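To keep things simple, chains are lettered A, B, C and D as they appear, and every chain counts its residues starting from 1.
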Amino acid sequence: MKTDTQKLSFASDYLEGAHPAILERLQETNFLKTQGYGLDPFSESARQKIRAACKCPKAEIHFLTGGTQANATVIDALLNNYQGVLSSNQGHISVHEAGAIELGGHKVLALPNKEGKIDPAVLRQWLVDFENDANHDHMVFPGMVYISHPTEFGTLYTLRELEEISSICKSYNLPLYMDGARLAYGLACAGNDVMLPDIARLCDVFYIGGTKCGALFGEAVVITRSNLIPHFFTIVKQHGALLAKGRITGLQFDTLFTNDLYFRIGKTAIDASERIRTWLKENGYRFRYDSPTNQLFVIMDNDKLEKLGESVEYSFWEKYDDAHTVIRFATSWATADEDVDVLISTLHSI
Amino acid sequence: MKTDTQKLSFASDYLEGAHPAILERLQETNFLKTQGYGLDPFSESARQKIRAACKCPKAEIHFLTGGTQANATVIDALLNNYQGVLSSNQGHISVHEAGAIELGGHKVLALPNKEGKIDPAVLRQWLVDFENDANHDHMVFPGMVYISHPTEFGTLYTLRELEEISSICKSYNLPLYMDGARLAYGLACAGNDVMLPDIARLCDVFYIGGTKCGALFGEAVVITRSNLIPHFFTIVKQHGALLAKGRITGLQFDTLFTNDLYFRIGKTAIDASERIRTWLKENGYRFRYDSPTNQLFVIMDNDKLEKLGESVEYSFWEKYDDAHTVIRFATSWATADEDVDVLISTLHSI
Amino acid sequence: MKTDTQKLSFASDYLEGAHPAILERLQETNFLKTQGYGLDPFSESARQKIRAACKCPKAEIHFLTGGTQANATVIDALLNNYQGVLSSNQGHISVHEAGAIELGGHKVLALPNKEGKIDPAVLRQWLVDFENDANHDHMVFPGMVYISHPTEFGTLYTLRELEEISSICKSYNLPLYMDGARLAYGLACAGNDVMLPDIARLCDVFYIGGTKCGALFGEAVVITRSNLIPHFFTIVKQHGALLAKGRITGLQFDTLFTNDLYFRIGKTAIDASERIRTWLKENGYRFRYDSPTNQLFVIMDNDKLEKLGESVEYSFWEKYDDAHTVIRFATSWATADEDVDVLISTLHSI
Amino acid sequence: MKTDTQKLSFASDYLEGAHPAILERLQETNFLKTQGYGLDPFSESARQKIRAACKCPKAEIHFLTGGTQANATVIDALLNNYQGVLSSNQGHISVHEAGAIELGGHKVLALPNKEGKIDPAVLRQWLVDFENDANHDHMVFPGMVYISHPTEFGTLYTLRELEEISSICKSYNLPLYMDGARLAYGLACAGNDVMLPDIARLCDVFYIGGTKCGALFGEAVVITRSNLIPHFFTIVKQHGALLAKGRITGLQFDTLFTNDLYFRIGKTAIDASERIRTWLKENGYRFRYDSPTNQLFVIMDNDKLEKLGESVEYSFWEKYDDAHTVIRFATSWATADEDVDVLISTLHSI
């Protein structure tokens, strides 16, 4: 399925189109006429399936086209003007969204991270300090907490950590929002103990990532308490995030949540990354972060990199020291076993 | 291709999925690995074809996912904070975008419309009055002009009108921006004398609509002068409008601009609307607007409407008087000859 | 008190400094040390006096420095992002605040005006139409109503009109906000039946103008229901509207609300304008608006204007017809009887 | 001049009203009629004097009412949407302006600070790293540099440091903006080698603080290159920062820049702080920051604090360790010699 001229690539998890089942259904349903803006039967069916998977029958679900868009729209909808969003200082909204949150008028209140995660103790202390600061009326108020799961470094919150963060949020009346851009890859992880119903129970809003998990594009925003965000439809429209043919996104999620496809394709990526991880460990490689998901942050000798780059695409992550570089391999729903074979044999040879 | 249970519908021009050629190419290319964010060969190829079609070799082209998003992003990018955008008071940005322009901090300066269009003389007078107003430093400055073509009422600017507006804009140093959500249906019109190269020559920025013209979604924003908007890529990202798998939009436009598909599907819709228009005129129906494109705004007796509605879907437009209602029929790239046959025979029978 | 070189001026109502009682108290209190940001005893005393004058013991009161600032801050605080503010199309926020409301992300939803006022019937119909519009989820929602009293044209709402508007607002759950930039001049009017306690009872928020009514600067924002706007202090700070030495504004309002000064200086202006109005009427002049307050919009023969301008400053308002111009005379707390004498004798002589 | 009931206070530098010369001139000029919005002769005279003091004859000067307002307005005016402002992580805009910068849509890009200052080497490295970051098109672009002088910690840039920062800014085409809220106290410092003409030469925009330096309120924004910010008047209006009676601010600055008053009152504060500093040093006290200006950050034994607080007001700054606290003493233009005497004898006695 790969053309001859294409180099083996583990550069990211959105290199291909979509899972073939999605394209098939687009084909089958193409000439059906439906209402726009997500008011179609495919979107409605997808909502029902997601509610069931989350064991959250009253969830309100909207389909947006991308992660930055979902983050900016949800955060702007949840916050009052004078409030900011607490995030890891490495959170996607803090670093790699070109100021989308600030464009909405809100400060990203950055917390130090622990392997990409917010430490519940750090969060609690920040909130205590804010309350105690005599000048806090001159400062940006915390208005919500943003976490990503898996994080930007591929790490996962444990159920216990998530419960703790959720409980802190509740006691401070702060909505908890989870960015699940790579959620399929978290859910499929062997060691993961955070299931969709846990997320729905512990978060106020979260999104289930489609773009990086088998869809052409699309993220399913799940608002777990009804009426938490009145007129979210209009807010989505105002943010330029309302797809006219909402059915296209709805149908993709309907497909992903039929016969556990979302979980199965997560497993494909995780199995592939596990094979690579195992080989790397057995061969003495070290990792920058202890990521159990589909992203591997490997510390490589600089002199091996050029050789590797001749036949494999990877992501440059950061300089480690003068002799080493951190690179990232990402697997996905589309990673073939043979691709892993070739990667491993290439690594062997360099 | 239509399922048995579906009612005949002329309710809008985005009821179906995409032109089959697009789905075919999605299928063919699905497992190719490409870079994200529009830096892929499909997007690049689409850009080359659009540049050629516009005879504008230096045009900078970006693919966004929807019309409101394109409008909000372009307008925010072109304006300084203290500037607003001049628009017909019935312009899409003025009425039906949920405040997306104001969210970006800009006032929509509404001008009276003439069948949906801005009258060049009215525009010129407004600008003269603004200049002469002794208090204008306390007012929102005009920063650009927004027009839609076809307009929200299906009407078209003549080349002469467009040249006049463009010339006024140039003399006041105001960028001219055209919303081409239904551009295919304007270009295919018999009486139309505004061609793509004219638009590229006379506008500073415009977008070629995909969502309503054969694509699953997507609009091609064409910046006709290079470096008019520095860092537009980042601005797009900041507005949540950057698709990770940009190839999906790129490939759709590549398909639409291969073998004149964009023009041919426009023609399909125009031929269908022409048949309906002719029949309506011959049978004594009057029209609310003199639209030559794919939208027909028909004044109907209220007592015929219920009968019609039993077998045909249409859009309610507005109350005309106590006995009449304006309804809209929209044709599209997907309108079949047989659908028109059935509509006409239904109209006959009511 | 006027220097010899100064021309007689009725050009506006903020030509002078402040009422002498204010300067005296600034002098007396200058070296007292007080806390900043309005937490000082002068501000607190002013709040108590305003609460008493409004018969609104729970009112929350903040002192801002100007009208545009007060409007932008209050409106931004009251609205959600997807909401706009209903205003007369001639409202100050709609025309002469340089887009301050839009900078906050909100559309000004303009209603036709009747002598500068919103007609309750027009307001009600607009709201009914909005509710009935099938597409209203794609439109800016009404989130509050803005009125000015006196209006930009010097006219006044009757108590009955204000009650009707307030009742409509309540039934649609829309906060009602009154811009009282020239409130002193409304309250002092013979025919006025809207007293401060009425305003406090019928509006959710309003401001009592100081800048145009005897202060160096300053507007007292009165939030009539406690906790209507949580954290308004921080919102004021965020909008750059929190004066470090808040005592300066507080002390001015404390002075204006001591011994009815605010009402007495309003009377000075109204008496002066009444003398001018009477003379003009008796001498056959017509008025553009039927303003009972301190602004007179007189229709003048163009050939008299030049002569008048030699010795009197006035405001150009608008061209009336080829032979006439509308000009504005404004009186104020500082208008001396002798100034009125000279104006009248000048008018006589031209 | 202090009432009997008032406690000695070194809590901040804006406890009193204004320098008596300002009140006198307000009195003298009170009934002169002038045009609004800064178009009056007092403002014009102040501008001329400031241009002369800065040796910057083409400077464009606007008078705003407060520091947060000046910062938010200037920064919003200088930046494009996709740009942020580089600041020390302890900069006033980063911590204590309630999100005013973000409300304008901009991220504060926080750099580590060195005694409150930005280290030129750190700034340069940040810019190099940004340029080199392959993903920087997905990040907030640096659009300007914000420094405060004196800083929030009372420290001063040396001329050499300022020249270095200015030169970095120029080479990256980033406007340099200085917040001079306490500029009088920097200029009057013995060790200071940064004079007003240096600031005008090295910064693109800066403001000369009035609120904390002898005025009732007001900051003079100096744009050192003409046409750097087109339509700044309207931008000021849009930000709610345009005072109707602009003469009040203009006259204050006219007074402060007559006969070197601004420099003389700075000296008063500096002489007072120097006496306190000397005594503290001689008596073994340590300082949290090495501030040569009017703010002293003293590390105090906790058990002395209560005693001190009985007769002197100071600011709590931060906990130092379990036994010590950092407190701030601020002197000002209004600090009397006798107040310093009492403070020192009180410190002696505890």
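Here is the rule we go by: a residue touches a chain if its C-beta (ideal position, glycine included) is under 8 Å from a C-beta of that chain, and two chains touch if they have at least 3 such contacts.
Computed from a predicted structure; not experimentally measured.
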Contact-richer chain pair (by C-beta pairs counted) among A-B and B-D: A-B
Copies chain C and chain B - interface residue numbers shared by over half, same or different: same
Computed distance of Cα centres, chain B from chain A, in Å: 33
Distance from the mean Cα position of chain C to that of chain B, given in whole angstrom: 43
Chain centre separation (chain B, chain D; CA means) in Å: 51
For chain B, residues contacting two or more additional chains: 81-82, 97-99, 103, 105, 137-139, 234-235, 237-238
Chain D-facing residues of chain B, complex: 76-77, 80-82, 105, 137-139, 141, 231, 233-235, 237-238
Residue numbers on chain C that touch chain B, as the complex places them: 81-82, 84, 95-99, 102-108, 134-135, 137-140, 316
Complex interface listing, chain D residues touching chain C: 1-3, 6, 9, 12, 14-18, 20, 23, 26-27, 29-36, 65-73, 97-100, 103, 211-212, 216-217, 234-235, 237-245, 247-248, 334
